[in-house]
Amino acid sequence: MPYVNIKITREGATQAQKAELIAGVTDLLVRVLDKNPATTFVVIDEVAMEDWGVGGVPVEQYRKRLKART
Amino acid sequence: MPYVNIKITREGATQAQKAELIAGVTDLLVRVLDKNPATTFVVIDEVAMEDWGVGGVPVEQYRKRLKART
Amino acid sequence: MPYVNIKITREGATQAQKAELIAGVTDLLVRVLDKNPATTFVVIDEVAMEDWGVGGVPVEQYRKRLKART
Amino acid sequence: MPYVNIKITREGATQAQKAELIAGVTDLLVRVLDKNPATTFVVIDEVAMEDWGVGGVPVEQYRKRLKART
Amino acid sequence: MPYVNIKITREGATQAQKAELIAGVTDLLVRVLDKNPATTFVVIDEVAMEDWGVGGVPVEQYRKRLKART
Amino acid sequence: MPYVNIKITREGATQAQKAELIAGVTDLLVRVLDKNPATTFVVIDEVAMEDWGVGGVPVEQYRKRLKART
């Protein structure tokens, strides 16, 4: 009975894409660990850009910095 | 000093129901483990239906499927 | 289909006490929100004392400090 | 930059199986949402059987109950 | 490659304050554990007041109770 | 009343280093958001190397790959 939590930045993931993530993760757990899909939960959290930091700065600033380097 | 996180699908839980969950979980931890309520945190997350998967599909689809079987 | 995570400091909670927490939280969700117990997950995490901080210090030190005050 | 947390009961998942979960989830996020694997984290938690509840009882008891029904 | 999740009550934290939290936590992990900032994630969750409980009641009620005592 | 969860790979962080993380995060929340340290929780999780993935592989393999490139 696995529980999977997927956190992504909020950037317009569609319902279809979320359904694909749910199906894909569940299939993976069935295939690799023979888990029962009926007791496999997947919870997706979309996190606002300003609430996600990497490299010590909010993610938007981080991406600009990466771009500026190239 | 327990920390409890309750995740439920967003389906109209009222403030009163949430307060009941907070009171009930705290009482349980006091009764079973003699915890101090003043340092017991309860955080409730309401998750959009499209963000919760079970059985490899979003929860709404899962419920329809269950109904169709009966 | 709720998911509940309970974090407590590791201080010898017994299997019976854990079973009581699982039963109690599940009953609460059934009673307050009419949730289905078959799709209610409860996961308990016991956290080592040195890994839990409150008041800016590890929990053991925090308790000594509180005692010293009284 | 997704963060994925997979919680499973501790029942002898091997290093190879864990590596397969890590690869599979990362591939899924690349394929569905075009995420960068270099900033995709996957954290696996193995949870002791007595710490996981479903149907209001610890998971082992839950499985016995299911078997007894069939 | 640390992952840090900060949960606070939703009470108007500004983008600048969030950026300060992200910078501060990342610096701390670099300084104390020599972690690489490029693989340090910080995710901030703002939790509605009615969804956070302490002392067995929602946080707003808890604060009123504390004030009434003094 | 913030709750902070810090996940790091298990690589020998000492009690003193953990205490420094607890103190540092708490100070940060006091300074930036004027939070009360007495109701600020910090929970540290050390995650086994084989349970942490990045770039689609377990962290140890990821580091070897990075080294091989330079």
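Should a chain be cited, it is by its letter among A, B, C, D, E and F, assigned in written order, with residues numbered from 1 in that chain.
The working rule: contacts are C-beta pairs under 8 Å (C-beta built on N, C-alpha and C of every residue); 3 or more make two chains touch, one makes a residue touch a chain.
Since the structure is predicted, the reported quantities are computational estimates derived from the model, not experimental observations.
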### Query
Hey, what chains does chain C share as contacts with chain E?
A, B, D, F
### Message
Same or different interface residues for chain C and chain D, judged by whether over half of the residue numbers are used by both?
### Response
different
### Message
With centres defined by CA atoms only, which chain is the most remote from chain A?
### Response
C
### Query
Of the pairs A-D, C-D or A-C, which has an interface that repeats that of B-E (more than half of the contact pairs shared)?
C-D
### Furthest chain, CA centroid comparison against chain D
E
### Task
Quick one: report the Å distance separating chain C from chain F, using the average Cα coordinate of each chain.
21
### Rounded Å distance, chain B centre to chain F centre (Cα mean)
27
### Query
Using the average of all C-alpha atoms in each chain as its centre, how far is it in Å between chain E and chain F?
15
#### Entry: Multi-partner residues of chain A (at least 2 other chains)
1, 3, 7, 21, 25, 39, 41, 43, 52, 54
### Message
For this structure, enumerate the chain pairs that meet the touch criterion.
### Response
A-B, A-C, A-D, A-E, B-C, B-E, B-F, C-D, C-F, D-E, D-F, E-F
### Query
Which chain C residues qualify as touching chain A in the complex?
1, 3, 39, 41, 43
### Query
What residues of chain A sit close enough to touch chain B in their complex?
15, 18-19, 21-23, 25-27, 37-46
### Residues of chain D that touch chain C when the two form their complex
7, 47, 50-58, 61
### Task
Give every residue of chain C touching chain B within the complex, in rising order.
1-9, 13, 17, 20-21, 24-25, 28-29, 31-33, 35, 39, 52, 54, 59
